[in-house]
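You will see chain A twice below: alongside chain B first, and alongside chain C after that.
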Partner chain A sequence: MSTFFDYLIFPGFLFSAVFGMLAVYIDRKVSARVQWRKGPPLLQPVYDFVKLLGKEISVPEQTSVFTFLSAPVFGLAAITLVSVIVWNAMLVPGKTFIGDLIVVIYLLAIPSIAVIIGGFASNNPIASIGASREMKLILSYEIPFILSILTVIIKTGSIRMGDIVTYQLANPAVITSASGIIAFIVAILCIQAKLCLTPFDIPEAEQEIIAGPAVEYSGTPLAIFKLTKWIMLFVLPSFLVALFMPSADFLYNLLKFAGVLVIIILIKNTNPRLRIDQAVKFFWTYGAGLSLIAVILALIGL
Partner chain B sequence: MDLILYLLAVPFVAGLVCAVIPKKQRLIAELLALAGSIAVFLMTFIIFRTNPVNFQLFGLELFRIDNFNRFLVLFIALFGILVILYSTKFFPKTDKFSISSFYYTSVLWSISAALGCVLANNLILMLVFWGFLGLTLYVLIQSNSPDSKDAAKKTFIIVGGSDCLMILGIAIIWVLTGTLQMDKIFLSTADSTLALTAFLCLAIGAFAKAGAMPFHTWIPDMAPVTPAPVIALLPASLDKLLGIYLLARISLNLFSLSLPLTAFLMFIGAVTIIAAVFMAMIQHDLKKLLSYHAVSQVGYMILGLATGNPVGIAGGIFHMLNNAIYKSCFFLCGGSIEKKTGTTDLDKLGALAGKAGMPLTFAAFFIASMSISGVPPFNGFVSKWMIYQGLITQFQNASPKFQIIALVCLVAAMFGSALTLASFMKLIHAIFFAQKKNEQKGEVNWQMWLPQLLLAGLCIVFGVFAFALPLKYFIIPSLSAFNLQLSGNLIGFWQPELATMLLIACIIIGIIIFLASFSLGSVIKRHKIFIGGEVLPENQRVTGVDFYQTIKEIKIFDQTYALAQKKVFDIYDWGKAIVNAFASALALMHTGNMHIYLAMSIMGLTILLYVFLGK
Partner chain C sequence: MKKIVIKALTKSIWVYHAACSPCNNCDIEILDLLTPRHDVERFGISLVGSIKHADAMLVTGVPNMKTAPRIKEVYEQMPKPGVVIAIGSCACGGNMFRDSYNFVKPLDEIIPVDAYVPGCPPKPEAMIMGVVKLIKKLKGL
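And now, the complex of A and B:
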């Protein structure tokens, strides 16, 4: 029963949904300040979500209705599970299971798969192009992302998130080492791509392919997609906090999360969008190269 | 003992009878084949329940049941039933090139040979069954299509050629140990070059059968011209099971491997994963694309076995089983799609996901895709997760030089998984979602969708209840056949049941959100798609085939692909070139001039006399 509490209330669905909305509020507020605007009120994400629930759900002709409507839900389910694993590792490091880091890496792929399948099921060429870009983006950031996580594994000697957190509580955090800081920089860029934020918002690219996979979505399924995005905006930075700089205190962890979030938002607001081939080349050369250096540094103990 | 003889005899005799049943009475042959395979399945179940034991025949311990082959026979028989059931509707009844009654004979004999091969305890006996399976494969490839001769020949040469090497390996083993009984052989490759040679010879046999690089080239070549159920039965499941079975036997039972050799095996595994999956990404033919994945997945199994620690080995064996399940599911789905649409060209397929298309095939294909890409909580994830664990354990225990190899393999395996996902997304789009005028195709017969859905169901069950079912009954006990034990209990492990329950809980939340929106007055409406207000001409559509063009156009890949198109990496073509070079050199001597022939004969005679009489 306590597992279900973990999952549904804290640190699962409700907790991550609330903090996801908070994260997107911070995103919009900071972006607004950067652009010299005032920005939305605190409850704006809630208004958006509830408003979408009341809208008509339109489904394209000639497609599988079930696939189209259920795709968003699977993404939401997976990201909620990630939230539970990541935050449990930081709250009660002893309770985690062996190899949960690998589980998290794989679960993080599901929201992207949901977006891709949803885009496919839209029966719209624009959505298909967006979905294919999303897939190529996954391919491009996968190598640097794995390598930067490997740096943490080498540093802490474990693939269990609980052990990774406890190790860093007893010893200096990974980010304080030379290899750690390089891996962290690469990981932030990968997170940026995972979240589909500029300069890697190529799959959605509103100006060219009108939000790509989401072009046919409206009403409730769109609301669920948005909610998934918001929760990801909360979970992915917290994942980095757990890997690179956890602390024993819950509030400190939240503060560090906010710090990582602001970095992400600033990158988003100060960069133009790349083309997909540029992104692939960037991640496969500079990204992979940098994270490889981090791995080598970690292997020789720096 | 009797049981094993019956087990081998029943499909063999049923096959013989099938061969003499006239073509017009196909139904009888089908029913007989089905009955035979079900009988085999029941018998294998009894074998699965027996304890490890050796069987005497002619004073030799020819067969042996142990914890490793017990569960393999069960699955061999299961795949047999499903493929025979599927075949009854797959082959058109009227077609001129429709199969001969020898088809079911070959299928039944394949099952018999595979069972014998797995149960054999004598290397020669194993080799006989092994070679027989190569022969039935050769026959089956040509069972339906006239243009499959070249592919069949290539398959036969590669598989048969590797058999020759295996004979050599077995001969060396006999010289070294004086026995051919598998449970009595124990050699170390570290201190003897001969033993190393023997191991490599047998390993090449295993690689050729399973389709590991560089002996894989027959699979992509035969796939487009071979009927789908044949690929589902042999290269996708039985050959994988047998190849990896042999590799596990030789590397864990017969030989103890030196560290450089395991590193070499891991390297082969990693290269196989990455290279094959990159080839798969650019294919335009459904069956050919799938066949490259059949190659790529072998890499994971080799990686798992090569780690040498219990988690990795268990992962490799589990992956072998999982791969056989989802890969045969893929080929059966591919066969259904081919049957309904008449093509496997991805450029021509599309729009099959909806109600008017093939929803059941879509469901099976989608589940299998998620499994092969290692998405939790499906079965492919569990085995990959175990292999990664094995690699990381090896990384922690190894010396610095091997640490790097373990890391490289880990990255290759994880990245390979992303590439696999990518190529299956392309497939799913091209087959099921590409925009196309809806043709009312309809679903295939139940004989065809039932095996697909059963296999897809196994993917889910083996993933969600991984520790409660397959690992507990099949995989973990099989480790004892190699005198290994999984250290620690399974409590601290990934709990797929729990995770699935949680995922379902959140899916219920999703449903609640939907219900809430309906109570807020929302309704579902169908509408036309929006493309910036334009109307899309019918001939302009995104098929998905060129999804990864951007990656293909990157310079280094472009050049590599061009070389691969020219078959520069094909060991068969190398062999052909070498043989042709020799032949043309020899042909120069055949001038038709009698004097030269006579002179050569006398020279030869002189040399012979010198050699034999001179001493």
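And now, the complex of A and C:
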């Protein structure tokens, strides 16, 4: 019973959906203020979501209807599970299990894979280009992302998120050390790519390939895709908060999440889009190099 | 239930820009409308690239032999409920190309048009006026 409650209500679906909508509101509002505009009202994500639920669903010809319609649901289910694990680790550190950090790393790849499956199932050349770009992007950012998480594992000596949080509550947080801050910078850039935000929004570049993998989606599946994206905008920064600078208080955690979110939004608003080859080069040289330095520094003990 | 959906629709209109062989003046005015100066995101209006995501089609230009079947196909791909807004005198009724050799028929005889914004080109303020009237019509006022 408590598992269902965890998954559906509190740190799970409802909680992360509400805060995801809040996160995307903050995103749009801060972007608007950067561009000297007023920005949308608070309920704008809710209006968008309800409107999409009420629209007609169209399925392209000559495609697997089951694959096309179920791809968004996989992503949503996976990211909700990540929300449960991450927020349980921050709220009740004893509730977690050994190796859940590894599980989170795997689960975080599933929304991107769902996007790829949906894109290839769309039977549309633009969606295929978007999906193949998404695949290249995953290949490029996974190495620096895992290396920067490895820094945290070396610093705290555990692959259990509850232990990582309790270690940092007793000792200084990982981000206060030299290796921690380097790993945090790399992790923020990887998250930017995971969220498909502007320097790395190559898979759904609106000016080049319309909407990328989501081009054929309409109605409810598109709403689920959008909701997955919004929940990711909430869960990934809070994952970074849990790894690098957790605190015992729920509200402090939320404030730190908002800080990380604003950093991400400012990066998004001040950078032009890269090409896919530039992004791969960036992550495999600077990204992997910096995170490798962070790992070496952490092994030395800095 | 339908009321809630209609209310959400009027609060979040995603527009798709269908250029039906225009002379580009109307398109530039539409782009002007979407710039930070007018900030239509305040009302939830945003530009989308795919017709499958759209709630409103902004059609500019004169439907001719080449574009008339295509604009019809694009309209059929728009998920319903959706609306069509004819931007500029050309889309409203052919303007000076009415007697041209490749003019087929006015846009509203090809696809149902919900709002007309005349002008050559119409100002962004005129388009906002058209959208406001359309929202009132959708709400049934």
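Heads up, the rule we're going with is that the second predicted complex is superposed on the first by the 302 of 302 C-alpha atoms of A that agree within 3 Å, B and C clash if a C-alpha of one lies under 4 Å from a C-alpha of the other, contacts with A are read in each partner's own complex, and residues count from 1 in each chain.
Note that in this section contacts are C-beta pairs under 8 Å (C-beta built on N, C-alpha and C of every residue); 3 or more make two chains touch, one makes a residue touch a chain.
Quick caveat: nothing in here was measured; it's all calculated off a predicted structure.
Enquirer: Just to be sure I read the superposition right, which of the two partners does A:219 touch: chain B = first, chain C = second, or both, or neither?
Expert: both
Enquirer: For A:28, decide between first (touching chain B), second (touching chain C), both and neither.
Expert: second
Enquirer: Thinking of the overlay built on chain A, is A:40 touched by chain B (first), by chain C (second), by both, or by neither?
Expert: So A:40 only meets chain C here.
Enquirer: Please tell me which partner, chain B or chain C, touches more residues of chain A.
Expert: B
Enquirer: What is the contact status of A:48 with respect to chain B (first) and chain C (second): first, second, both, or neither?
Expert: After superposing on A, A:48 lies in contact with chain C but is clear of chain B.
Enquirer: Is A:267 in contact with chain B, with chain C, with both, or with neither (first, second, both, neither)?
Expert: Touch partners of A:267: none, neither chain B nor chain C.
Enquirer: So, does A:181 touch the first partner chain B, the second partner chain C, both, or neither?
Expert: Neither: A:181 stays clear of chain B and chain C.
Enquirer: A:110 contacts which: chain B (first), chain C (second), both, neither?
Expert: After superposing on A, A:110 lies in contact with chain B but is clear of chain C.
Enquirer: Using the touch definition from the top, say if A:153 reaches chain B (first), chain C (second), both or neither.
Expert: first
Enquirer: So which positions on chain A get touched by both chain B and chain C?
Expert: Shared contact residues on chain A (touching chain B in one complex, chain C in the other): 53-58, 210, 215-216, 219.
Enquirer: In the complex of these two chains, what residues of chain A are touching chain B?
Expert: 3-4, 7-8, 12-13, 53-65, 67, 69-70, 72-74, 76-78, 80-81, 84, 97-100, 102-103, 105-107, 109-110, 113, 116-117, 120-126, 128-129, 131-132, 135-136, 138-139, 142-143, 146-147, 150, 153, 157, 159, 210, 215-216, 219-220, 223-224, 276-277, 280-281, 284, 295, 299
Enquirer: Using the touch rule from the top, collect the residues of chain B that touch chain A in their complex.
Expert: For chain B paired with chain A, touching residues are 351, 353-355, 359, 362, 370, 373-376, 381, 385, 388-389, 392, 396, 400, 403-404, 407, 410-411, 414-415, 417-419, 421-422, 425-426, 428-429, 432-435, 438, 492-495, 498-499, 502-507, 509-511, 513-514, 516-517, 520-532, 536, 540-542, 544, 547-548, 550-551, 553-554.
Enquirer: Over in the complex, which chain C residues touch chain A? Could you list them?
Expert: Touch list, chain C to chain A: 2, 4-5, 8-9, 11-12, 36, 39, 41-42, 44, 48-50, 52-53, 55, 77, 79-81.
Enquirer: Give every residue of chain A touching chain C within the complex, in rising order.
Expert: That would be residues 28, 32, 35-41, 43-44, 46-48, 50-51, 53-58, 206, 210-211, 214-219, 222 of chain A.
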